[in-house]
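Read through the structures below before going on.
Across the two complexes that follow, chain A remains constant while its partner is chain B and subsequently chain C.
Moving on to the complex of A and B:
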């Protein structure tokens, strides 16, 4: 039964997920082609100097990509559910509605985690080829909020898409557009270190917000 | 005593301040096919949504297999087959994927009727449901419900978008299946002629009220249409209590009523209304429905 729900969610997001992972992979590869280029043609000392003392973010190119991936996965997963109110089919299945929604959410979050983990692992491996541990560590600390932003965007876009009442949709959209930039504030490399744990907890808490919209849908609010 | 699969008691619902209906009561007997008939906006889909727990009524309740429809357990939901208006299904799946998906949810799953219906469709194995015609999608939806083998089928406007051939196929398959297996069906459709072949009992709703609730045969026996020509064009019969509806074009009158021919003739005689060519007209269910609810 639960395998069937995973199967359905997989059918919805599979091409997008594979495409997004490949796209992120291409961007990460491009980052390190640039790094290699800079080391070869502009001297490694110069690049290290920029990274260590000028806080140059050699990986800045991927800043908003996790956000786009999160929005895309949410759209791929939840838009088919609201077209023709197809989510009624899901709610009619002989399973507990909340458990099913949590399963859908869990699948989406896991998909994002797998996608980010694959790309992040490649990023760390390649970073380790070119840079010292301290630089790689700072880069990880800087990228974590961007990834969390993608996960938060996934949850909030799911909430907006599944919301049956337009006024609430607009309200959630405004809140989302004010909240998500918190993950993408300008700052020097590693600036998010003191708040990464807090952001992770907030991201976890908002991940179940979809249940509110789904509850209203089930009660027939429109 | 009848064993009711659905019992709706004192249902009242509003959309904002607009009353849909007040104190609606109806039951659906086990093994019967009840058709909910009504014009657009009369509350058919509202009732279906309440039955499926997708809408909370302002007051009243519906019990399905004895459980409140707002809080159906997974076990009870497993006993209900649900066809959404427009034959909505997971359009991103093909016919193999969707059968595989649903089969894991229902212990009595029997794929034979599904594949039987699919064999009649000219679709490729990997064709997505989204690229099928409305008629083909209806067969997929019907096949899935038959494979689920539910005790109760709730079908919301099953005839929407179907051509006559597919409608006939759908109805014949459904009726044979329901009667052979003692299934209960609650069905709405805006094509009344389809219902005539399918349903045992009817519930006719108009805006805010129930106009008729009885077996189809009883309705067709008791509801009558008379035509006659008035000598005096100015006579207005629409306000008479026994008249369900009346249409008048010049002096030609079409009158619908639950009263007998003798009653109507006696009334006309008593009121000194002179008519000629008085006759009772045979009606089908669609004629009777329009006669009861009016053309507008």
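Moving on to the complex of A and C:
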């Protein structure tokens, strides 16, 4: 049974997930093509100087991509479920409803984590080739909230999609559109250092938010 | 499980509202409050105050713009020269524009300079290259277990140079790693004086590179004196290398070549919350401390002795009308940004007093009326009532947005 549910989730998101990973990969590659170009044309020491003292973010290009990926995977996974209320079919399976929803959530979050981990590992490896670890560390601190923002957006978009009442959908959208920017504030490189752990905990907590609107959906809240 | 997910969403909504609603409020109603610009006049031997477009002397006499400029001739030299009013001599000292320029200095420190992600790699410039222009080196140094130079092109440690500098530092008694590294890491300066560094035992060192070789000077520091921030300066008079703020909130300077530490007669400077501006001229230093609702200006002579002091306070934002109204609406505020720090965080600020409790109680009652219309069992909503009582408007919006409808 569980295998079939996982397979169903995989069928829904597979092309999107592969596409998103490739897209992120292309952007990360482009970042380092840019770095190579800058080093060739203005010398590595000048680029290092800009990064260290002018807080130039050589990786800034990917800022909102994790957010788009998170929203996209949530849409790919949950929109088909509410079309003609298909998710109600799943609720009729002899499986605990919440367990099944948690399985869906777990699958989505894991997909995102795998996608982000692959791209993030490539980013760190390539950064280590060009820059000292002090620069790479600051870059990691800066990118982490962007990735967390993608995961939080996945959870909250799932919540919005599954909410049965349009008025509440709009309310949730308003809260989401005020909350998600907290991950993308315009700070200098490394500014998120004291708050990254708190953001990670909040992101982990809201990963179960879908259960609330799914409950309202299956109880036929109108 | 659904209930837990609801409370998580309520928490997220409270967090979001407590960031955005106060922010909207302040953007709509906050009025600017300019702090006075106060300087010591070498003519009056007293302070001259500028508040917006109004200018006064310290006795409260209103001054015209021209009178203000005449009382601060060293600040307004060029303007007075155009008027033909610049004096030939002041206090028996003949006015030489070159000498005036040489003694002019301005230093500004903001709490954000200290609370910011600090760089851990620095360029060590050649101090005596024999060239007019300072050139950016190809490598950057770090001081961790040893002093390492990393070549930016190859991203690898330059072994010989690292070994040479580490050996000299060890010989001078440097205890690795470094705690503070302060310098002027730019080529846009009159000359290079390297870096002022404190080690893990709070000893003070001056490190620079002269003709490719290390120049390392250990500075004699009084016992128990520890520094928490160092700001290097590049003034034309070349009297000192840097300002140093001690752990005991004192301000020091480190004189050039003699390496004497001189303490400014300024008490309890709070670098985490106060801005510092130091205007230097031919006769005086004006040390200006600027807090949220106060300023202190201390005039020093050229021997760094206190000549006069000016203090002024004004109403803080919380004490003004808009702040008082705020205290009736919002029990607290969270901000992602802080004017004292470059770091992003959830900065929590509780509203002073308990005026907000009135609105919180009204909102509890309002929620009671809403629930009464829905004909629910009240004991199932006690947590929601508590949330509203504590978090006020934020909680009221949150619990009504993510409604407690599990018990129908």
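The working rule: the second predicted complex is superposed on the first by the 222 of 222 C-alpha atoms of A that agree within 3 Å, B and C clash if a C-alpha of one lies under 4 Å from a C-alpha of the other, contacts with A are read in each partner's own complex, and residues count from 1 in each chain.
In the analysis below, a residue touches a chain if its C-beta (ideal position, glycine included) is under 8 Å from a C-beta of that chain, and two chains touch if they have at least 3 such contacts.
Keep in mind it's a predicted model, so treat the numbers as computed, not measured.
When both complexes are overlaid on chain A, the residue A:16 reaches neither chain B nor chain C. After overlaying the two complexes on the shared chain, residue contacts for A:4 are found with chain B alone; chain C is out of touch. By the touch criterion stated above, A:132 is placed in contact with chain C alone, chain B being left untouched. Looking at the shared chain after the overlay, A:80 reaches chain B, while chain C stays out of its contact range.
Looking at the superposition, the partner that touches the larger set of chain A residues, chain B or chain C, turns out to be C.
Shared-chain residue A:159: touches chain C; no touch with chain B. Looking at the shared chain after the overlay, A:202 reaches chain C, while chain B stays out of its contact range. Counting contacts by the rule stated earlier, no residue of chain A appears in both its interface with chain B and its interface with chain C. The residues of chain B lying in touch with chain A in their complex are 49-50, 52-56, 74-75, 77-78, 80, 82, 84, 86, 88-93, 97, 100-102, 104-106.
Contacts from chain C toward chain A in the complex involve residues 1-2, 4-6, 8-9, 11-13, 15-17, 19-20, 116-117, 119-123, 136-140, 142, 150, 152-153, 155, 185-186, 336-337, 342-346, 401-402, 405-406. Within the complex, the chain A residues that touch chain C are 39, 43-49, 52-53, 98, 128-132, 134-135, 138, 141, 159, 168, 171-172, 175, 178-179, 182, 185, 187-195, 198, 202, 205-206, 208-212, 215-216, 221.
By the touch rule above, chain A contacts chain B in their complex via residues 1, 3-4, 7-8, 11-12, 80, 83-86, 88-89, 91-96, 217-220.
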